[in-house]
């Protein structure tokens, strides 16, 4: 008789390693596959093969689940396997979790009566990841700038999740923080928290005074015209999803240092990012009433 | 030919006086009625009668528009007039703004082709008012408590507008802040801003350690059972709308000091509250393309 | 044989009551005299007479120790006794603590080989009291102003203990904080903490933009000339010791609201003020190796 | 006739370059020597030779003034010259400023009636440099740790200049901050600013719970015994002057990552560090009544 809930953790980077450790510490029966090149060989039980995956109660794919060509994203492994092959071996009633699951994967899973959950659809996952993203952005700004954040005029474009968390920390470090938003109610929030607020439509008129600009809006706000107004020596950090909000080609032509910082949580704080995955999966498992 | 946009400001308390002054300074032609008992007789042009109201382009009723018996809320006046009578004298195309407009008033206005706007439906109005509400709550806490907020364990129930703004300020004053929420994503926000977070469902288990409790949730969270767990000498401040979130009768039986603090912006910061009205009306006028 | 260290707590206001309670809870044998009119009759053992004071190991006079005419400061009592009479009954080796002890009292004590400690000479006592002083100042500002502190330009004159603690809290509440100081190094501190800094000598040139001014410097900084530059509706709160730093007569002539806020800890936060006394006495007793 | 005050800026790193630029922008006649390898050839007038130094009104040596063997510290130059030779060419009445001037240099200068000022003796210089030091420490912590500062328990040993500025910023980033101090009054300050405070003598008992430790005390506080109590994966950053406060050999034996971070302002924020030099020299020049 099966005693313990069994979770298979497949592929991924250091976040996925941390996740597997935390689940094991919590008492789950954990099997890992596709992370055999991880720095220290913790006591995680590596599986040579993933094909007895039907033994699992829950299968955790990484974030993102797939790399190029639909292969399981597994930078810490020398094995290569198609993500879809894994799903094809799953049995009805199993739970499949992963990040940025493609429509194809979701379809296959549903056809096999496998329940599917994507981390990215969880609001709390996005909120929690705003913290390592903001810290990562601050780290890069510190590394790239010759002056301190204290006393620097910093503009944060957009007051969504990352904008809120980033503005708060920049202010805590003594920067002079301006935040842009489009909605009146967001501008009201910005003032209630003590930042200077301007309408996003107006940034072209103000941006020339800002040696540090963070973009969080996934639309091309920092187009050639706006970039041309920036002071020389300005640093632009684009944290927006999708295809970013900066015309990087124009920035290069204009000699402006613009950095597209993507996937910061996994890069700058893999331990925290793994804990966030773990907390999210914890909530998911509670909700499916394990 | 009519040169300037004419605004009539009727009734209300000190906020409405401030509002009339700000509109006049901005260049509007302002007429006031029903605030003749205001502290200083500023240069606002009082109208003896309200019945030439058809001359106005815009009519501003106070917040709330009506007092008992449907009378215009006008604590700074000895005149008494039914709010509905005013509306009945308006002409098609005029703009009527007010706060907490009753369904009857709205209906009458619409039947006369008068455009109607209620401040309370504006998100930015609610956000901006969270600031004087939070400051007012802090002022009352300081007045009522024999100890400093610095070092005090304070619980904020609910992480909506008031909860967000209040928790931020309590932390700035050195209190030890716990915030409760029901949604996972709100708890993620609470942690991202450095507060201790607990689920609202759990407050019964934790509340015995909090000498200061602010409620912002308009549901009876602080029922008899929860109140019975509070430490003696505890102070409860209920800031929730509707009928509040505290069983005040039970609090009295139990000897717990519970204060129902309503309408704080107008009471503790009438100047700011008037400015907020003004900013909101400014946005409204922009949107109706004056 | 004497088992427990015996402390007599004489006179004083609610702080002294709180102090006596805390010492009793800590296990000391406590006797109180001269506070029989306190709100609730806690289980403190009142003494009818103070003249068996030689039984005490330590005698705690209040802050201040003496009121008018050298009488023990005892607003919660109907007994009247000269502070010097009490000292004259003490015996060699006893410890006498009090606040603002007059030279005469100190001399008498020393002549009798009584060890004397004054709270006011303890740096940590002054630092700790800066917190209730700052909170009290904020409470008064909130009560007196019609606008919120959030968004208000506030000037803090002086960056000593109260200036440091007050500026920090005003910033936490969203005020726009300027601090003045005379030394270059203090101005460096002011900038490091994110405030706007100006030289105290320059306040005459800047003060016209500040509707809220806190003085913490015990020299007449706010003289008639400077006061005349203040905007109407300005609020001045003087928190300085000695004879304050404001020409109150000139303020009245000029129609400026200036409040001399003295002894705030005992007034706005007697419980905290009592705890601070207790912590300070605790350190004193440790140092005399009880 | 001499029209403009002439300043010679010799040697140094990027800070010294920034300093020369700022002085030139301010209107001084600036000559530079010993920084010809600087990144961009700004319009600073390089001198081929330093031996017409008697033309200067003021000579600015870098921080530190001397490198190994008493040579002018000049990492951006291929010239090598003894600092003492420069002083020997100076004439009576000139002003010599520099950082960490050796006793020998001071003596020589005084014998020639050259006025001497050392940046390091200026309190405001030390306070201002605490900001880039604290930011640099935070940058290193972010780079080295796999988790976010938000939510991390961080201990700051010592509440001097760096301790004060660092604790403030760590709290602004959401870390859980404990500060240690030896004096009661410093512990009172620590609590007034909302940190957890413990006595430096007690760190051995508490440190096992801190994955991040910053030392600012120039005495061996982090000796072998204390280091042995640290949790594995702990990061120690030593920011103390002198020979630091960490037994680095013991740390290595114990497998604890301990980093001795020295001279952070010049490394992480040379522009700001140059501005600080400039502000300090500005004050010095004002005081010698140029």
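Per-chain numbering from 1; labels A, B, C and D assigned in written order.
One rule holds for everything that comes next: contacts are C-beta pairs under 8 Å (C-beta built on N, C-alpha and C of every residue); 3 or more make two chains touch, one makes a residue touch a chain.
Only a predicted model underlies this, so the values are computations on that prediction, with no experimental measurement involved.
Chemist: Nearest 5 degrees, what's the C-alpha rotation angle taking subunit C to subunit D?
Modeler: Result for this pair is 180 degrees.
Chemist: Counting C-beta pairs in contact, does A-D beat A-C or the other way around?
Modeler: Output for the comparison: A-D.
Chemist: If you average the Cα atoms of subunit C and of subunit D to get two centres, how far apart are those centres in Å?
Modeler: A distance of 38 Å separates the two centres.
Chemist: So the centre of each chain is just the mean of its C-alpha atoms; given that, what is the distance between subunit A and subunit D in Å?
Modeler: 36
Chemist: Can you give the whole-Å distance between the Cα centres of subunit A and subunit C?
Modeler: Whole-Å distance between the two chain centres: 51.
Chemist: Could you tell me which residues belong to subunit D and also touch two or more other chains?
Modeler: Answer for subunit D, listing residues that touch two or more other chains: 131, 150-151, 174, 191-193.
Chemist: Could you please specify the touching residues of subunit D with respect to subunit A in the complex?
Modeler: Residues 14, 131-132, 135-136, 138-139, 142-143, 145-151, 169, 171-174, 268-272, 275 of subunit D touch subunit A in their complex.
Chemist: Please output the residues of subunit D touching subunit C within their complex, sorted ascending.
Modeler: Going by the criterion above, the answer is residues 122-124, 126-128, 130-131, 165, 168, 183-185, 187-189, 191-193, 283.
Chemist: Which residues, counting only subunit C, touch subunit A once they are in their complex?
Modeler: Going by the criterion above, the answer is residues 150-151, 171, 174, 191-194.
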